[in-house]
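Each in structure tokens, the structures are laid out below.
Look at the two complexes coming up: chain A is in both, with chain B in one and chain C in the other.
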Partner chain A sequence: MPDLGLEVLFKGQNMVRLLGGLGVALKISLIAVGVSIPLGILLGILMAGKNRVVKAILRVYLEIIRIMPQLVLLFIFFFGTTRIFGWDLSGELAAIIVFILWGTAEMSDLVRGALISIPKHQYESGEALGLSGRQIYFFIVVPQAVRQLIPLSINLVTRMIKTTSLILMIGVVEVLKVAQQIIEANRMVSPNAAFGVYLAVLVLYFIACWPISMLAGYLEKKWR
Partner chain B sequence: MDLNTEVLTQYLPLYQKAAVLTVKIGYFGIVLAIVIGLFCALIQYHKIPVLRRIIAVYIEISRNTPLLIQLFFIYYALPKIGISTNAESCGVAGLAFLGGSYMAEVFRSGLEAIPPIQKESAYSLGLSPLKTMFHVILPQAVSISVPGFVANVIFLLKETSVFSAISLMDLMFTAKDLIGLHYNTIEALFLLVVFYLIILLPVSVLGSLLERRVRHAGFGS
Partner chain C sequence: MAEHLLTVRGLTKRFGSNTVLKDISFQVERGEVIVVIGPSGCGKSTLLRCINALEPIEGGEVLLENDVVNPGGKNLIELRQKIGMVFQSYDLFPHLTVLKNITLAPMKAQKRKKAEVEAEAMALLERVGLKDKAQSYPRELSGGQKQRVAIVRALCVHPELLLFDEVTAALDPEMVREVLDVMLNLAATGKTMIIVTHEMRFARAIADRVLFLDGGDIVEEAPPERFFTAPETERAKRFLETFEFKSVKARPATP
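Presenting the complex of A and B:
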């Protein structure tokens, strides 16, 4: 049995520090999700609407955000905007802004997809029953769209959590950075610490995301 | 903000080299991911006993952890137990590990979307199981899978941006390096965006053309 460097995890405050690092990543993703879901719903409704100018503008925003890797967006905000506008942006704040922009774009696309997937005959049947436009929207379209949306937006949360691992690259101290520090500190005592610590990080992310994906999968099956 | 053209021309060759590396690793990673995905999807579709469970575990692990962490694990942790790789093959392996599960899900849902009546009708017309698979099930399954497949390819190409973390000299690495060296932030970021657009836009456009091309599975639904 080779030395797996697992004992490092149980030394001193190491496990607590790793969890704290994960906490930073989770905090950023929760703030971003909390803001981008309502914003995304609003934009999504506008995108499924009739105003062509608004639709065109939103489309451009959506495509630009979605085609760029999130890491490029982080770089643009962290290195680029600070240079152009001369303001001071912490890594964490830059991350929150980027994830809100990205999450809003993704969410609005999900909402738009859910709204336009409601077949036309649903509207027509509603009209045939004498419902008003508003009644059709709130009693027929929204309930069906929401059912489709909830599993997808839960999935967005896990994607957000996974993507926050990138903030390491703009110097935010999160779980990977903490892991690197722990490995460095124990280089002499346990040279194989890298295995145990990175394994722990992998497991931590899995524990954070897996239950959420399971919930999304369950709801998707239940409401099909 | 003015772009310094002199700096741009000076940086261009560096970015070209980096872009070639990004595309190369992306290409091999995605091809491997497709192979893994097809293999996993077929095993799950045919419900092969033990393998099916192993693949289910693999898919959950791969889908619920970030690529960056997977790469760190492959590149820094595995050598400690005697499995060492160079950065490039580590990048390909990481991308294939991540992409395999996404591809498997897309292919599997495509296969499962074909109603059993299609298979039964083919059999009653006297087609062999192999012919049924190739002429009846697969053509329909493929066209259902295409939108998800295209989305996955773009997603995986975007994910290649994290390779700089394992010191591969890709586009992100070049940009960060140049920002640190010369402080020409705007030029470095401008070229970064341009090069990613050059890589990603054609894939996105070709993808939507392909989607339109194969949209013949909607029959009867």
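Presenting the complex of A and C:
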């Protein structure tokens, strides 16, 4: 059996430190999720609406956020704002801002897609029954859109959790950064620690994301 | 003096530069069953959609008794409750059970009591043979069953006029009958209906009057017996011939 460097995990506080790093990653992503889902719903409704100016502005926002790699956004908010505006954002705050901007954009596109996917005939049969526009929206369109949306938005949550692995680049000590520190500290005594520690990181991300994916799959099946 | 429930006067509908309905006028009496037939693309479905204000119109007017039915018009919601419509593609609400599909509009749009509406819905479902499907979802039903639910859903709003837009066109042949039987039943109880259909024998059985539409015009208007046996216009004759097949069995006798 080759030396996988697993023993490093059980040295001192290493496991606790890794879990703490995961906690930081989860905290940032969950705060961002909590803000970007309601905001995304609001923008998505506007994007599916009729106001062309609002739609054009939101489209530009969505495209910019989509085209830019998240890492570039992180650098802009962490380093860029310090140079230009003299803001001294902490790494965590910059990360939360970027994740909110990104999550809101993605969520709004999911909401827009779900809303426009409701066939015209659903509106028409509601109209033909004498329901008002508002009643059609709340009793026919929204319930169907939500059913489509929940699995997709849950997948967005797991994507956001995984993408927090980038924030070590702006100095936030999250799970991957802790892993690097542990590996560095044990370079001499356990040269194979890289394997064991990164394996542990993989398992931790899996434990965080798998139940969420399962939930999405379950809801998708239930409502199909 | 007959009482006109619906008056269509000079109705004109264009899609861009294409005039789909040209100056259409007719009246429907209470209790009358009108069947609209004609080749595809002649504007039959558009006519029904205009009567229900699902399409804006470019000219003329649609009156239900004395009220103008017009997209964006006042009382449109109340007027639409008096005009039921059943679509070719059923268009049930997929996220609601059969019973909730039926009771949604009576409860929300008409603010009627849940118990009363549900009792009526169940009675209507029983009449169309679907009482045991009340708690099913639309995806669990066959096409014919869905269409019968759609008819019940329209009926439960207590419309004075019912519009049927090719309601059997998307059905398998063996399911057509169960839907047509429901409609015959409604006609027998004196419902006022305008039916767009391609089922000629059904049209003949149910209609009080046939409107033959071609190229956006009412080309012929006649009682069904006369229309189907002795159509007056050449176009109606040609149209009816497309439903006939000449036998090829009479081969020349072999010596």
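Note that the second predicted complex is superposed on the first by the 224 of 224 C-alpha atoms of A that agree within 3 Å, B and C clash if a C-alpha of one lies under 4 Å from a C-alpha of the other, contacts with A are read in each partner's own complex, and residues count from 1 in each chain.
Please note the rule applied: contacts are C-beta pairs under 8 Å (C-beta built on N, C-alpha and C of every residue); 3 or more make two chains touch, one makes a residue touch a chain.
Small disclaimer: the values here were computed from a predicted structure and weren't measured.
Chemist: Evaluate whether chain B and chain C can sit on chain A together after superposition, giving fit or clash.
Modeler: Overlaying the two complexes on chain A (C-alpha atoms) leaves chain C and chain B fitting together cleanly.
Chemist: Which holds for A:F139: it touches chain B only (first), chain C only (second), both, or neither?
Modeler: It touches chain C, and chain B stays clear.
Chemist: Answer with first, second, both or neither: which of chain B and chain C does A:M68 touch in the superposed model?
Modeler: After superposition on chain A, A:M68 lies in contact with chain B alone.
Chemist: After the superposition on A, what does A:H121 contact: first (chain B), second (chain C), both or neither?
Modeler: In the superposition, A:H121 touches chain C alone.
Chemist: Give one of first, second, both or neither to describe whether A:L131 is in contact with chain B, with chain C, with both, or with none.
Modeler: So A:L131 only meets chain C here.
Chemist: Taking the superposition on A as described, I'd like to know which of chain B and chain C A:L4 touches: first, second, both or neither.
Modeler: Touch status of A:L4: first partner only.
Chemist: Could you let me know whether more residues of chain A are touched by chain B or by chain C?
Modeler: For chain A, the partner with the higher number of touched residues is B.
Chemist: Applying the document's definition of touch, where does A:L58 land relative to chain B and chain C: first, second, both, or neither?
Modeler: A:L58: touches no partner chain.
Chemist: Just the number, please: smallest Cα separation between chain B and chain C in the overlaid arrangement, in Å.
Modeler: Distance of closest C-alpha approach: 12 Å.
Chemist: Which parts of chain A are in contact with chain B and also with chain C?
Modeler: Correct list for chain A: none, the interfaces share no residue.
Chemist: Contact residues on chain A for chain C in the complex?
Modeler: Per the stated touch rule, the residues are 121-122, 124-132, 135, 139-140, 143-144, 147, 223.
Chemist: Can you list the chain A residues touching chain B in their complex?
Modeler: Those residues of chain A that touch chain B are 2, 4-5, 67-72, 75-76, 79-80, 83-84, 158, 162-163, 165-166, 168-169, 176, 179, 191-192, 194-195, 197-199, 201-202, 205-206, 209-210, 213.
Chemist: For chain B, which residues count as touching chain A in their complex?
Modeler: 1, 60-61, 63-66, 68-70, 72-73, 76-78, 80-82, 154, 158-162, 164-165, 172, 175-176, 179, 185-186, 189, 192-193, 196-197, 200-201, 204
Chemist: With touch defined as at the start, can you tell me which chain C residues reach chain A in the complex?
Modeler: Touching chain A: residues 52, 54, 77-78, 80-81, 83-85, 87, 89, 91-95, 104-105, 108-110, 150, 153-154, 157 of chain C.
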